[in-house]
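Read through the structures below before going on.
What follows is a pair of complexes built around chain A, which joins chain B in one and chain C in the other.
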Partner chain A sequence: MRPILLQGHERALTQVKFSKEGDLLFSVSKDHVVCAWYSANGERFGTYKGHQGALWTVDVDPTTTLLATGGADNTLRLWEIKTGKELKRWEFNTSIRRAEFSEDGRQLLGVTEKRQGQLSNIFVYDIVPDVTADQSTDPTLHITVELPRVTVAGFSALSRYIITGHENGSVAQWDAKTGELIKEEFPHEDGMSVTDLQWSSDRTYFITASKDKTAKLIDSETLEVLKTYVADTPLNSAAITPEPTNYVILGGGQAAMDVTTTSARQGKFEARFYHKIFEEEIGRVRGHFGPLNYVAVSPDGKCYCSGGEDGYVRVHHFDPPYFDFRFEVERERERGLQM
Partner chain B sequence: MAANVQNIPGRTDWAEDDTEDLATAIPPPQITKNKDGTETIITVFLNEDGKRVKRTQRIRRTVVKKKENPRVAERRQWAKIGPEAGKPAGPRPDTTTLGENIIFRPVMGYKSGQVQEKAPEEDRKAEQLKKMQIKCRICSGDHFTTKCPFKDTMAPEGAEGGAAADLGEDADDTAGAAGAGAGGSNYVPPHLRKGAAGAGGGERMGGKYERDDLATLRVTNVSEFAEESDLREIFERHGRVTRVFLAKDRETGRAKGFAFVSYADRSDASRACEKVDGYGFGHLILKVEFAKKAT
Partner chain C sequence: ADSAKRSSADKAVVDARRRMLSEWYAWRERVVEDLAIDRDDLGLGEKSEEQMALEVDVEAEGEGKVVE
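Then we have the complex of A and B:
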């Protein structure tokens, strides 16, 4: 496969997201710019300008009409994707670390940073999926998180729970209606930050990546760890490929500050592919010159992209061997089904 | 204009004249349908120098249907925004570039540091061979000479004839290959030594290869884009395949156009020979026959 390199950013990428159909790709970086790209050919659709600080997060609603971005300028903004118009701006006391739409796109979640004596907060807003509508200014739910700093968060299936990942490696489950803390688990090593949380296509389970060099597949109902993927480098991101492929993609690499002291090979700046069920590594894709800050898989499973500390987004469209690959047991099972 | 009037005397209406002239100068393109489904289009047009050019194109129309989500199709038509506004469709070279090709093949039991650009089987073989330092005398490949797929078709490097070649000549050749003039001091392989009378018999040892030959098919006219796995897929339908070898160019990595397929059972082989001979694969028709034993 020939990766497509997208050079729309001047600084490290922080998040990349695919639209629901996988045709558009949104990237945010520390250089204040949001870029939208066509994933098929890497053509840039446009940019969304207005933010005054580094951007930490982006999310697109399931109808691909609205885009939410948040960053270090303490704002969470809503954009109309088609025209690039800013529809709404919410301001906070600290920066927004994570923004995510619910499955139906009618709720938007924003996580604020714990800093300057402020605790992490989770704000949930009702969203009208219409570009002409007036979006509400006040959150429908506000959770002040007494736990360590929230790094990642998202809505589980049917917007039942809000799942958060924390700086100390814990994962917590909150009631998305009342904001009550239901459960807290410690799947990752203590003190090792959870760096990413991405959902399976039905949101009944999710994958967390952590600085403790592992990624874990966790049930969103029970917070039970289903699978563990062990890597040899701190991880920044993990993604689950949709059916019919059963893989997870992990991205990471040593911290940006240590990069200059080692060669690219040692830096382990590769996307790692693991089999989702067997937890076994099946391959790597290299290419970045810095750690991978985010990996995202297109919801149709036909391509994935990675955003790196080096400022590049690399879009990879998979080749047939990727889809044909089976473990021996899987092959046998398929044969059994055919007969 | 004046020239036109001169050419066609009797015309007074200049407007009519002009249209008439155009019509005679450029006849509409002729499209004729051929029997094999192709179309021939003959177009006459004026080129940049104002000369009449006749162009004959033979084309085949193939309809490629692609389903696309209407939403995606709609989004593709959106006018670009921001710095991209007003720019033509298609990727811009300042923001979008193509990276170098990456061969990504998922492998069971992947280990870091392992060369990824290889199929798993090849890898295993290569690893074994690394320990043993094997070089084929026929094709310089990484296998035993006896296992060389070209052993039936090619003579060893540096040897002109096959096994039945004149012994003296062979000795000369090997000496030449060694790069030394004096024959006496050079190593001469046992089967080429003068003392080894009837060396022809000792040439190809090992009965197992004979058995192999019996159930081995020679496949020719293979598309150069073929892969071993493709062939295996085709031939596995007719029985258990023990070996598939597709000759590839070492530099380009493309198939050379022939392959050998061995079956565990000879009856399978003969059935496959019958069935697959004449099978259309890629854009070519496969020719399958039993591999000839080396003479």
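Then we have the complex of A and C:
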């Protein structure tokens, strides 16, 4: 599994996202520039310039027409992917920590940072998936979150709920129409931040990563913890490979300032693969010189990528054995289905 | 005796995996079915827009023909 290294960022990567077709890859970093790449060969497709500060988040709509970005310059921006043109800019009192489209691309949410005198806020905008359309300036929904700082958020299946992860390790479920808080659960250790939340392809379940060194697979409807993946390092990110493969990929590692030695082994800068159903670790992929800040899997399941504190994006295309690998009980089940 | 102990431990692991597998697929079947019903009730297609993005790609590669 020979990786492709994407060199173009000068600072730590913060988020990487594949287009829904899997052919493009978008990356944001602390260096203010949004990059788009061809995932097949790592060539740069383009850049999106205009942000003034570190970027924290990027997402792409289902038709790969619109790109949303947000960061430390207190703006959430919408771009035309093909031309790099900025189509819309929303301004806030604090930075944007997370931006995400709904599964139909008709809504976009932005999470603002909690600061002294400012709670975390979630703003939802209706989106017209047309580059010539006027996008609305006012949100259709605004939730002032009176819970600990929101770190991650997204829309569940059918855009029924907004699910949020928090700095105290909690996960909450909100009515995506009314903004009403429905449920709050504590899947992670108290006080250990939820660092990532990524969906299954149908958004009926999701995975959370946490500084408590675990990732949890959670039911979008009930918020019940379905699976737990135990790692040996604080986690920054977790991704679910698309069915029929049954893996999750975790990324993390201790920042250099937090460990006594800066050796890669000590920092544990590896992507870890676990069997989604059996919760067992099955492999690791090395390469980064610093913590993995984000891992993403292509929606077609053909490759995954990691964005590191070291400023690199590494794209790994899976070799055939990856797709053929089965536990004996899985083979048994497949044989049973064929009969 | 050691190997007997080991093989019974192995069997326990395999049994546990088998159980996890069947529980998982039973849950998935239920959830997928519920979602399909909800999508139908809302007058939506079988798959979400983001899942459709992959389908279109397959057709473009000629692996699945669109019948007009």
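Just so we're on the same page, the second predicted complex is superposed on the first by the 335 of 339 C-alpha atoms of A that agree within 3 Å, B and C clash if a C-alpha of one lies under 4 Å from a C-alpha of the other, contacts with A are read in each partner's own complex, and residues count from 1 in each chain.
Just so it is clear, a contact is a pair of C-beta atoms (placed from the backbone, for glycine too) under 8 Å apart; a residue touches a chain by one contact, two chains touch by 3 or more.
Computed from a prediction, not measured in an experiment: that's the story for all the values here.
Undergrad: Applying the document's definition of touching, compare chain B and chain C: which contacts more of chain A?
TA: Partner touching more chain A residues in the overlay: B.
Undergrad: Answer with first, second, both or neither: which of chain B and chain C does A:V285 touch in the superposed model?
TA: first
Undergrad: Looking at the overlay, what does A:E103 touch: chain B (first), chain C (second), both, or neither?
TA: A:E103 contacts chain C only, not chain B.
Undergrad: Let me test your reading of the model: by the given contact rule, A:F327 touches which partner, first (chain B), second (chain C), both or neither?
TA: both
Undergrad: Check the residue A:T144 against both partner chains and state whether it touches chain B (first), chain C (second), both, or neither.
TA: A:T144 contacts neither chain B nor chain C.
Undergrad: A:E21 contacts which: chain B (first), chain C (second), both, neither?
TA: Both: A:E21 reaches chain B and chain C.
Undergrad: Applying the document's definition of touch, where does A:R314 land relative to chain B and chain C: first, second, both, or neither?
TA: A:R314 sits against chain B, while chain C stays out of touch.
Undergrad: Per the contact definition in the header, classify A:G8: touching chain B only (first), chain C only (second), both, or neither.
TA: Only chain B is touched by A:G8; chain C is not.
Undergrad: Taking the superposition as given, does A:T64 touch the first partner, chain B, the second, chain C, both, or neither?
TA: After superposing on A, A:T64 lies in contact with both chain B and chain C.
Undergrad: Using the touch definition from the top, say if A:I277 reaches chain B (first), chain C (second), both or neither.
TA: In the superposed model, A:I277 contacts chain C only, not chain B.
Undergrad: Hey, what residues of chain A end up touching chain B and chain C alike?
TA: Residues 21, 23, 64, 327-328, which sit in both footprints.
Undergrad: Which residues, counting only chain C, touch chain A once they are in their complex?
TA: On the chain C side, the touching residues are 14, 17-18, 20-22, 24-25, 27, 31-32, 35, 38-39, 42, 44, 48-54, 56-57.
Undergrad: Show me the residue ranges of chain A that touch chain C in the complex, using the header's touch definition.
TA: By the definition above, chain A touches chain C via 19-23, 62-64, 103-105, 157-158, 201-205, 219, 221, 226, 277-278, 299-300, 327-330, 332-333.
Undergrad: Write out the stretch or stretches of chain B touching chain A in their complex.
TA: 69, 71-72, 75-76, 78, 80-85, 89-92, 94-112, 116
Undergrad: Using the touch definition up top, name the residues of chain A that touch chain B in the complex.
TA: 1-8, 21, 23-24, 37-38, 41-49, 64, 82-84, 232, 247, 273, 280-287, 314, 316, 318-319, 321-322, 325, 327-328
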